[in-house]
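Two complexes, one shared chain (subunit A), two partners (subunit B, subunit C).
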Partner chain A sequence: MERVLSKIAEVTSDPYAYVAGLKERKNKKIIGCFPMHVPEEIVHAADLIPVVIWRGNEPVTWGHAHVPPYDCGITRSFVDDAVRGKLSFMDGFVFHIRQCLQAGEFPFIMERHFKPAYQKILYLPAIYPGDPTRDFALKELESFKTSLEDFTGKMISDDSLKKSIEIYNKNRSLMERVYEIRRAKPEILKAKEVMQIVWSSMLMPKEDHNELLTELIKGMEEKSVKAQKERIKVIPVGCLCQTLQFDILDLIEDLGMIVPDDDLYIGSRYFANPVNLNGNPLKALADRYLTKTPLCPTKGVWDIHWGDEAIKRMRDNDAKGIISVRVKYCPPHTCYYPDFRSKMAEEGVPEVMIEMEHEIISLEGVKTRLQSFAETIGGV
Partner chain B sequence: MAIVVGVDVGSLCTKTVILDGDGGILSYDIMRSGHYYKGAADESIESALKSAGLKKSDVSYILGTGYGRGAVAEADAEVTEITCHARGAARLFPEVHTVIDIGGQDSKVIGIGDNGRVINFVMNDKCAAGTGRFLEVMALALSVDIGEMGDLFFASKEKVEVSSMCTVFAESEVISLFAQGHKKADIAAGIAHAIARRIVGMVGQVGLREKVVMSGGVAKNSGVVRAIEERIETRLLVPREPQIVGALGAAIIASERMSATIG
Partner chain C sequence: MDVKYKVNRLQTTNEIRPLVDKHWADLRTAKERGELVAWASGPTFIFAYAMGMKCHFMAGYSAYCGGIGAGEEVLKVAEMAGDLPETCSYHRLHMGMGEAVARGIPINPQAILPMPDLMVAGRLCPEMSHYAEGLHRRFGVRVLPIDLPAVANIEDMPRVREFVYRQFKEVVIPTIEEVCGKPFDYDRMSEILSVLKKVATLRNQCWEFFKDKPSRWTLWDYGVSIAPVFYLMGNPAGITYYEKLLKELQERREKGIPAIAPDGEKYRLYWDGWLPWAFLGKFMRKFTPHGAVVLCGRYPWEFFPHPELIDPEHPVESWADLYYGMESHLVYTFSPKGTIDLIGKLIDDYSLDGLIMFSSKTCRVMNLAQPEVIDVLDKKYGIPGVIIEGDMIDSAMISDAQIETRLQALYEMIDSRRR
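Our next item is the complex of A and B:
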C-alpha cells in the first residue's frame, strides 16, 4: 500500500515531468483533455495517451496577456502554462466548450497563438431532455472519432473502442472499490491521498493505474485501522473541474473532521458509473455522458437538483455536514450556489462554503470558517 | 471559586475577560495586539488579573479565541471567535438571533439559535474594506482621530458616495473627494454607508432575525451603527463595551468546560 501511495504522490507532485516522461517511455502522442467529460476512451482507442489537463501550482504571469484576471484558476493557469512552453509535450487538445463560458475561449486562444498539431472542439449538450440531444451527442462523438482518425491516419475499429471502454470501466470499478473501503474505514487514507489517487488516474495510462489500484486495494482490504468515532464526518462538495487545494483537505482533518466520501470532480465524480457496453460503443459513451455522469451546474436534467444528490451522499455516509468548495470566477458554480445553499437550508443540512482562488488563499480565514463549522455541528 | 479567563487575540486588539465561579465579570482588558500575539495575550491576561486583584495561579481555565487564538500560550483550549461572539452576545442580550461583528481585519454576520449556539455564519476576510482597519485608513486620509468618525457622521449635510469594495481604492476616492471640495463630515458619512452596504449583503446571506447585536471595535462608531440600522431597518443592540464580546464568550465556554470537568 505504501509503495503505491508513494508512486501516486510522485506522479501528482510534478505532473509535467511525469507526462513528459510518459510520452518518451511509451513513444506515443499525448492529447490533453480539458475537464470535464471528454470521453477519453476514444483517444485511448486511437492509440494516443489521453491526460486530463490540470491546474498548475504557480501564479499566472505571461498568460494574462491572453486571458483576463477574472477567469478561473484552471483557465488562466492552463493558458499561462501554454504560453510559457510548459505543455510542449502535448501533441493536441480536446475542449468540451459547452460547460462554461471560459472553456469556450481556449480553442481560439490555442489556435491563434500555439497552433497545436491536433485540436478538437466538442459541443456536448449541457441539458438532457431526451432523444434529440442523444442524437446530437452521438454525432459529436462520431466527429471526434473521425478527427482522431484523420490525425493518426488509422481507423478506430469498434473492437478497439470496446477494448478501451473495458479498460476504463475496470478503472472505474477499481476506484469505486477504493471508495467503498474508505467509506467503511474512513481512517484508512487521508483525504489528500484519495484525491491524489483519482488525479493520478487522470494522468497515468489506465492499464498502469489499474495495476496500481489492484495492489492498493489488496493492501487496504488487509489493513486494519482504529476507528476514530470522535471525528465528525463531513462531505466535501463542488470544485467541479480542478484540483482542490490540498491544504484545505489537510485543514479539515486537522480540525477533527473526517472525510468518508466526496462529491468532487477530482474525486467520486470522475469515475462514477461505468459505460454500458451493449452494441454501438460510441452510443454507449454518449449514453454515459448524457445520463450517468453526475449532475452539476454545467450539466443537468431539469427535474433533478444537484443539492439533493449531495444531501443523499451525506446521509448515506452518516455525515453531519457539507463543505462546499467553490472556485472563484467559476460562472456555472457561482450562479448555481444560491440554489444549492437554499436547498441545504430547506433540508436543515449544515453547510459551509469555502472559496478557492488560484493565487490567493487565506488559510487562516479558511481555518476559522472550517473550525467554526466543526464547532457548530459538534455542539460547542 | 473557579476563576476562568477568555482571551480574544484579534488582528488589531487583544481582549481579556475574567469571570468568577458564578459567571460574573471580575475584570477585563483591551490592548493593541501589535506584531507579537503571544506577548500581547500574556500582557493582556496579566493586566486583567491585576485589575481583579488575582494571580495566575488563581485561574482554573484559559480559553483562547480570535485570529491569534493559537498564540495564547497558556490556553487550555481554543475556540473560534464566531462561536465566542455568539455566546458572548447571548449572555448580554438573551433574545439575540443575529450578531454583526466588525473587527479589525474581518467582518462576520452570525445567525444564532435560542440557546446562543451558532446556526450559520458568513465571514468576509479577503479584503479589509468594511473593517476596523478600513476605518483607520480612512481616518488617516481624513486627518481625524478615529474616535471622531462617528460624530462626523451626524454632522453630515450632503450625500457622498464612497466605494465599498476596496480599502486602497476607497482611500484614493477620499483624496479625490477632498479635491472636489467635499466636507470631512460628508465623506465620513459616505465611509460609514460604504461599510453598511457591505454588511447588509452579508446579513442577507445569513437571514435577518431580531434581535440584532453589533459587536467588535467598529460598533463604537455610532455613525456606522446608524448607517447599518438605516439599511436593515432594524435597531442594533450595542453592548457597553462591544470589543470584549468575543473574550466574554470565550470565558463563558471556559466556565462551561470547568463545570463539566468538576461534574
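Our next item is the complex of A and C:
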C-alpha cells in the first residue's frame, strides 16, 4: 500500500515530468483532454494517450496577457502553462466548449500560441428533452472519432473502442472499490491521498493505474485501522474541473473532521457510471454523458436537485455536514450555489462554503470558517 | 482639449422610449387580460410571438431595468437572496425581481414582470441555462430549453444548424402548441419576419451614415434603437421609427450636421461586447470631451446585418439559417475567429481609429480571447485597442479611474500613430 501511495504521490507531485516521461516511455502521442466530460476512451482507442488537463503548480504570470483575472483557476493556469511552453510534450487537445464559456477561449489561444498537431472542439449538448439532444451527442462523438482517425491515419474499430471502454470500466470499478473501503474505514487514507489517487488516474494510462489500484485495494482490505469515533464525518462537494489545494483537505482533517466520501470532480464524480458494453460503443459513451447523475451543473439538468443528491450522500455516510468547495469564477457552480444552500437550510443540513482560487489568498480565512463549522456540527 | 465637443442629440431617438415602455407595460398587464406570458433567452421569443403570447427577452429586460435606473435595487434583492456578486448580472436581475415579488420587497414597479406560463430558454451561452434552471427551482417556472451552441469553427456550422433546426421543429413548436392549445401559427411567424426584414433594411440604410466623416450619429444612438430589430420584432411601429430616423440622418447629411459639435469626431472607435446599459450616459461623458465617437460594435451588429437573407416564406428554416447558415451565421461572432472577421470588416467599412473591448466581469460570452483579438487586429490593420473592464448593469464592477486611464491610453496610441 505504501509503495502504491508513494508512486501516486510521485506522479501527482510533478505531472509535467510524469506525462513528458510517459510519452517517451510509451512512444505514443499525448492528447490533453480539458475537464470534465471528454470521453477519453475514444482517444485511448486511437492508440494515443489521453491525459486530463490539470491546474498548474505555479502562480499565473504570462497567462495574464491572454485571459482576464476573472476567469477561474484552471482556465488561467492552463493558458499560462501553454503559453510558457510548459505543456510542450502534448501533441493535441480536446475542448468541450459548451460546458462553460471560459473553455471557448482555448481553441483560439492554442492555435495562435501552441499550434498543436491535433485539436478538436466538442459541442456536447445540455441534457434537454427530445431526440435531437441524444442524436446530436452521438454525432459529436462520431465527429470526434473521425477527427482522431484523420490524425492517426488509422480507423478505430468498434472492437478496439469496446476494449478501451473495458479498461476504463475496470478503472471505474476499482476506484469504486477504493471508495467503498474508505467509506467503511475512513481513517485508512487521508483525503489528500484519495484526491491524489483519482488525479493519478487522470494522468496515467489506465492499464498502469489499474495495476496500482489492484495492489492498493489488496493492501486496504488487509489493513486494519482504529476507528476515531470522535472525528466528525463531512462530505466535500463541488470543486469542478480542478484539484482542491491539498492544504485545505489537510486543514479539514486537522480540525477534527474526516472525509468518508466526496462529491468532487477529482473524486467520486470522475469515475461514476460505467459505460454499457452492449451494442454500439459510441452510443454507449453518449449515454454515459447524457446520464443526469451525479448532477453536474454544466449539463443543464433541472429535474434533479444537486442538494438532494448531496444530502443523500451525506446521510448514506452518516456524515454530519457538507463543505461546499466553490472555485472562484466558476459560473456553473456559482449560479447553482444559492439554490444548493437554500436546500441545505430547508433540510436543516449544516453546510459551509469555502471559496477556492488558484493562488491561495489566505489559508487563515479558510481555517476560521472551517473551524467554526466544525464547532457547529459538534467537532473539536 | 482645446475644442469643446458637444453631442448633437437626435430627435427621433426620443421616440423609442414610448415604444419600449408600451412593450413592457403590455407584458406587465398581460395576465390581467387573460393572455399567456412567456419569457425568453436567446433568439427564441419569435416562437412565442408567433402564437400571440406576450414575451419578455432576457437581455432586453436587463437593458430596460438598467435604462429605467432599477438595476441597483433589483441586484440588491438578489444579493439578499443569496446570489453571489460574480454571477451574471442579467441572471441576478431576474432572480432579484422574482425574489422581490415572492418576498413582497418593494422595487420599482416598472421592473416587475408576471411570472411566465412558459420560459423559452435558449442556451446561447451556458449561463442562460443556469438562470432558467434557477427560475425553475425557485419559482416553479415551466421551462422549454433549447440548446443553441455558439460555434467556434465555421466548418462545424452545418451539423450544429441541423441540431438547432430539429429542436425548433421537434421540441419548441410542439411544446408551444401544447401550452397555447392551438397549432403553431407559421403565417404569423412569416409576418413577423417580413416586418423584421423591412426594419433591418431601413436600419442598414441608417448604418451608412456612420461611414460619413464626420459621422452623423453614434453607436449609443443606435444602441437605444435596437429594440425594433429584436424584441419589438414584428411591430410595424419599428418601420415608422426607422423611416423617421433615416430621414433625420439624411437631413443631417444635407445640412452638414455631425454627431458631435462643433465639427465632428477626432477619434472613430469600435465597441466590443455588451453595451453598458446602465451606464450609457456615463460612457458618453467619457468619450465626448475627447472628441471620441463610438460608431459600431459586435453586439449591436448581431441583429440581422443581412436582411436580404431573411426569408419569410420559410420562417423556421430561415430562423435557423440566420443563426447557423453558411451565409448568415450570427452565432459565429461569439467566437474569437468570428469576432476578428467581423471587426476586420468594420475597420474597413467605417474607417476606424481604435478599438474598445468592453470586458464584462460577470458575463463572459463576449470576452473570449479579447487580448488575442486586439493583437491580431493591431498586427493586421495597425489599429490599437484597449480592454476596459466593467459590467452591463452592476455599478460595483465599474471603476471610473481604470476606464479613464485606458481610454486615455487609447487616445494617445491613436495620436502617436498619426504622428
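Everything below uses one rule, namely that the second predicted complex is superposed on the first by the 373 of 380 C-alpha atoms of A that agree within 3 Å, B and C clash if a C-alpha of one lies under 4 Å from a C-alpha of the other, contacts with A are read in each partner's own complex, and residues count from 1 in each chain.
Note that a residue touches a chain if its C-beta (ideal position, glycine included) is under 8 Å from a C-beta of that chain, and two chains touch if they have at least 3 such contacts.
As the structure is a prediction and not an experimental result, all values here were calculated from the model.
Asker: Going by the contact rule set out at the top, does A:Q371 touch subunit B (first), subunit C (second), both, or neither?
Answerer: first
Asker: Which holds for A:S362: it touches subunit B only (first), subunit C only (second), both, or neither?
Answerer: Only subunit B; A:S362 stays clear of subunit C.
Asker: When the two structures are overlaid on chain A, which partner does A:D71 contact: first (subunit B), second (subunit C), both, or neither?
Answerer: After superposition on chain A, A:D71 lies in contact with subunit C alone.
Asker: For A:E41, using the defined touch cut-off, is the partner it touches subunit B, subunit C, both, or neither? Pick first, second, both or neither.
Answerer: So A:E41 meets neither subunit B nor subunit C here.
Asker: Is A:F108 touching the first partner subunit B, the second partner subunit C, both, or neither of them?
Answerer: In the superposition, A:F108 contacts subunit C only.
Asker: Identify the partner contact of A:D80: answer first if only subunit B is touched, second if only subunit C is, both if each is, neither if none is.
Answerer: After superposing on A, A:D80 lies clear of both subunit B and subunit C.
Asker: Subunit B or subunit C: which reaches more residues on subunit A?
Answerer: Tallying touched residues of subunit A, the top partner is C.
Asker: Note which residues of subunit A are touching subunit B in the complex, please.
Answerer: Touch list, subunit A to subunit B: 345, 360, 362, 364-365, 368-369, 371-372, 375-376, 379-380.
Asker: Under the definition above, what is the set of subunit C residues touching subunit A in their complex?
Answerer: 81-84, 86-88, 91, 95, 123, 125-127, 129-134, 136-138, 143, 145-147, 149-153, 156, 159-160, 163, 166-167, 170-171, 334-337, 359, 361, 364-365, 367-372, 376, 387, 389
Asker: Help me check something: in the complex, which residues belonging to subunit B touch subunit A?
Answerer: Residues of subunit B touching subunit A: 67, 79-83, 106, 117-121, 123, 125-126, 253.
Asker: Under the definition above, what is the set of subunit A residues touching subunit C in their complex?
Answerer: 65-68, 70-71, 97-102, 104-105, 107-109, 112, 121, 123, 125-126, 128-133, 135-136, 139, 143, 297-298, 300-302, 305, 328-329, 331-332, 334-339, 341-342
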